[in-house]
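Heads up, the next two complexes both have subunit A, just with different partners, subunit B and then subunit C.
Right after this comes the complex of A and B.
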């Protein structure tokens, strides 16, 4: 039997009710027009509480179990916070560069995974293709060379992670104050062998994403799109820096809301609204308030917020993307894919520079801390956007408080907006058609929501879409692969 | 041609790392799809089982009612059910909350956090959200599990060795290198 308390919980005994990791509800007004769309995030872990009492040096290894899709991001964000806790402000060059190599490897594998394994089926087969073939296995059967390319690019990134973190998933490379290994000459030479191939494939991927966006521009310009603020880390000189930087937020037309803010003070600038229908909170910029202060993060937001990219090929690609909107921020949801591929290229250019850097064979792996801190924030630009880890640690080395804002959470309101926009544009009557279902998925997927941090269903979430009338009564419901039940 | 055996996979209260480890078999994925068809799995778009499956791979333990329902469903449709990784086998990191009242976890996330803005004081508590279990349960406490594959996650080689042995009817032999972890 169900035993309900507040918050609702159940004592083992399964109950049949809604299903699906991602669930969308479309609310109609009295005139049966779309009033609001809701993307419900149905997972809750309680991480901020159960991490309390754990020793701080354990955190970078433990916290990455939040997300096996981008564990390196959590590993590094936590390690950056714990560097400061341990009293280390500056890592030895070998340590910082090994971490950067790990991070760019992660960025490379994650962007390749998203584009080839998850998105390419939509682009290759079209939004309306049969879901039975519109998946990575369908791609492998019909376009084996593309599938192989995606697999090999991801593998390259995963091998870089293994060489720097010790393991492809949930490694242990970063430790408070440094790193626990360097890169041997033999390891480096292995990576150099395939580097040119990776560069070539990355260029081709940018070209593919660009061509897709430009040829379908008329259809895409408005698809799930809306104006929004953009947020991310930038380097002191305004360059994109995926590993470290200061906070910058801009409006939809490029005005700065704040700039070069030290991220230790992020809590003075951001807040997260709790809503009863989702476990995921809704972040916003405090000075603008919850209604106007929401923003986007991730590849497109990073391209919009930075002044330039410091690697030549990716910078050229960035300028082409920005030219589309005459240098103003690009607010087209589907442009995320193009932006993501530009970052893929940027990452492999960075990997190339790092592999040629003798510091990676250095032997000073760790700095000795001086004064311990009791509170520190670690931030990084993860593949899906800005990742915030904030910890307090007591004198017994135990974590006493923890606040996490993961990338997908920042994009919570934007994903809801995208769904709402698609619903307004493609809902006719009160029926969830296959076409609408597909388009909602495509719009959500543009944000590459890490459904492990958030829901955990790898971008291809089995969606259930439900329409409710003004009285909250269900009018129509459809789940992927299941006959509509009204 | 005889129909290929089907393999289904599920991610319950896991981090998706075990699924990523399946993908880490890299190019062997092309051999794998010669050997099997994927049925219900987050890797494809199939939401419901299309038929009887030879093998079900389960990542993650059970932390909410939906996980439990899903797991029972897998047991019904799969000849062999395998707990893949620590979360499925013993609850893993999510089970760290088992020592705490759920209420405290909610308070921390939705009330006390330094960036929380919650003027109404409400918790997420909507009929659209699945009910959370009081504790995180390992899979074998909910249904019968045939095999356990250790690791967090088990390596791609471990998963490959186990799958290919089971699919070709050979005994599963996992040498020490494949089952020691971290």
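Right after this comes the complex of A and C.
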């Protein structure tokens, strides 16, 4: 039974940052029913402050240190903003295509990492499986071909990043107005050798995610699911474009809230709400207000917002996913995994096209700037969703203001909704079981948030679950990694 | 024709010309003595002491100490390597050196010395000093966080550019690089093409808007440790033979 000894208020210590630290609190009413559940992310990085004064051409390299998982996204979003600061509106074809190759390589490795290393144990062994088995080592033991496939796909994407940015993590490829290298014939030929294998594995990954979703549809359709708006970048013709596009937001049933908005004006359409219990802001669509304007980003949102995908195999896969909901937006949280694998296939198709494009061997790497700007926004579709970098730079080339809205921040309200729904549906009494703990993780994990708790340490994330009674008194607390039985 | 004489460097016989320093003679012999403030185009200064060698058992900076007939010089010994490593470590902790986003990374002599000496983490506590940046000049960015007080810019401005743009101000722990104006670099007669900017061994004096143009893998120290050019250009065996 739950003991009520040593009741005290929750204390959030902003010592550490996002990665590795998430906390869920669950509020119970007097009948011990779930009243509220929250995911707390103690995110305090300080980047927006300490890049002030730094020269603008340094920012794409500096700010990518926000993340060790998808630094390319920050590198490119910052570079896109600094292109405009430097007065460059149009990159040379070689520069843009090298950046795209870097980005698709990043998307490929990140999605492979998430699906095979972090999520597959839940899908292959079940949510309630013994955590001693439900981990990546368990996958390697029982499904060695999948483990190898995940490693090799990730390696392929990382090598693409190295070939375009100089290093697999935290490279320097994109510079304001262009790129610092092209792709040699020898580098290209190395990638072409393994391309067919990567395409085959990507098709199989889509099939695996689809089969899992369809087979378990009855269980998944309601698991942490809810209706929401969806937001992302789309190309002018409505196609999915992970590198560049205009803003589109749709409602849960597919009505357009806004469309083809120049992202330089994003602040006219989005706003951020601050809540006292989290360091992470809560973005929302201004015209709908904070209560109705929250939205989802990431693979499922991108599949929902785009009209089509411009690579044939991924487009076929997209149509199959959309058929599940008769062409209407899909609001099933666990469908994120299927959508993510469709993007994986799309990325390798794009990589194939780029590797066959002679522009990658071009020698015009930089464009000369014309009219400098003092304020610019760079936006990109990162693996986890839309990433916004917003900078002001003074006449002496120093950054004076910076606002970063990262993918995980957009998904803040949705992740909280998912956590609350799972808690309501599965919490019986006040005893926190391993199954509940893992179901909460599964719901968070569907969004692939950039928290170490949901990414780095599968099955061992230092997640703390607290249960409070109606007076806010903590009645139960379990912390994975601290309590030996959790 | 100048007079020549021999001395011993780590057991090898090195021939020096009259008026040469120990470092100059060693360079010609293909023997690398690590250094930071020394620069082949500038008068020696003896600021960093990384080139310290033992001359007949006494520590001397090899960039300033003239070679002399018959002296016995120790250079590549464990004790001296440890002293040099300590000096580099102290330079790292005394400033704010963040190699991970510095545009001089891969081109920086301080970083290259750290790699050459196998410096993994400094043994001394970081000082985290508060240093000012000067972005006032249209073509030059000054980041004093990375200054190692080598005085190369001070000397180059005088000796190569024939100006007096840079100088030190303050003493001891308060010593800092200053410009020949009330406050801003923009108010001096420095020019974006001045050699004083080129000779900075670290990321303190930077040409604006050029950073990161050299890809990783093609930077000076990406593949060869600092000093390799001296060692490769003049193999010691040729001298000894």
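Convention: the second predicted complex is superposed on the first by the 449 of 486 C-alpha atoms of A that agree within 3 Å, B and C clash if a C-alpha of one lies under 4 Å from a C-alpha of the other, contacts with A are read in each partner's own complex, and residues count from 1 in each chain.
Heads up, the rule we're going with is that a residue touches a chain if its C-beta (ideal position, glycine included) is under 8 Å from a C-beta of that chain, and two chains touch if they have at least 3 such contacts.
This structure is a prediction, so every number in the text was calculated from the model and none was measured.
A.B. asks: Figure out whether A:148 sits in contact with subunit B (first) or subunit C (second), or with both, or with neither.
C.D. replies: In the superposition, A:148 contacts subunit B only.
A.B. asks: Contact-wise, after the overlay, does A:65 reach subunit B, subunit C, both or neither (first, second, both, neither)?
C.D. replies: both
A.B. asks: Look at A:57 in the shared chain and tell me whether it touches subunit B only, subunit C only, both, or neither; answer first, second, both or neither.
C.D. replies: After superposing on A, A:57 lies in contact with subunit C but is clear of subunit B.
A.B. asks: Could you tell me if A:167 is touching subunit B, subunit C, both of them or neither one (first, second, both, neither)?
C.D. replies: both
A.B. asks: Tell me which of subunit B and subunit C touches more residues of subunit A.
C.D. replies: For subunit A, the partner with the higher number of touched residues is B.
A.B. asks: So, does A:272 touch the first partner subunit B, the second partner subunit C, both, or neither?
C.D. replies: First partner only.
A.B. asks: Taking the superposition on A as described, I'd like to know which of subunit B and subunit C A:239 touches: first, second, both or neither.
C.D. replies: Neither partner.
A.B. asks: So, does A:398 touch the first partner subunit B, the second partner subunit C, both, or neither?
C.D. replies: Second partner only.
A.B. asks: Kindly classify A:324 by the partners it touches after superposition: subunit B alone (first), subunit C alone (second), both, or neither?
C.D. replies: A:324: touches no partner chain.
A.B. asks: Counting contacts the way the document defines them, which residues of subunit A are shared by the two interfaces, the one with subunit B and the one with subunit C?
C.D. replies: Residues 62, 65, 167, 170, 172 of subunit A touch both subunit B and subunit C.
A.B. asks: Given the complex with subunit A, which residues does subunit C contribute to the contact?
C.D. replies: 100-101, 103, 133, 135-136, 141, 206, 208-218
A.B. asks: Spell out the residues on subunit A that touch subunit C in their complex, using ranges where they run on.
C.D. replies: Result: residues 53, 55, 57-58, 60-62, 65, 86, 165-167, 170-173, 175-176, 180-181, 396-398 of subunit A touch subunit C.
A.B. asks: Would you pull the subunit B residues touching subunit A in the complex into a rising list?
C.D. replies: Interface residues on the subunit B side: 11, 13-21, 23-24, 26-27, 29-30, 33, 38, 42-48, 60, 63-66, 68-70, 72, 92-94, 96-97, 99-100, 102-110, 113-118, 120, 122-134, 137, 142, 152-153, 155-156, 182.
A.B. asks: Quick check: in the complex, which residue numbers of subunit A touch subunit B?
C.D. replies: 2, 4, 6-12, 14-21, 23, 25, 38, 40, 42-46, 48-52, 62, 64-69, 71, 113, 117, 131-132, 134-137, 140-141, 144, 147-148, 151-152, 154-155, 158, 167-170, 172, 266-267, 270-279, 281, 283-284, 290, 390, 401, 403, 405, 451-452, 456-458, 460-462, 479-482
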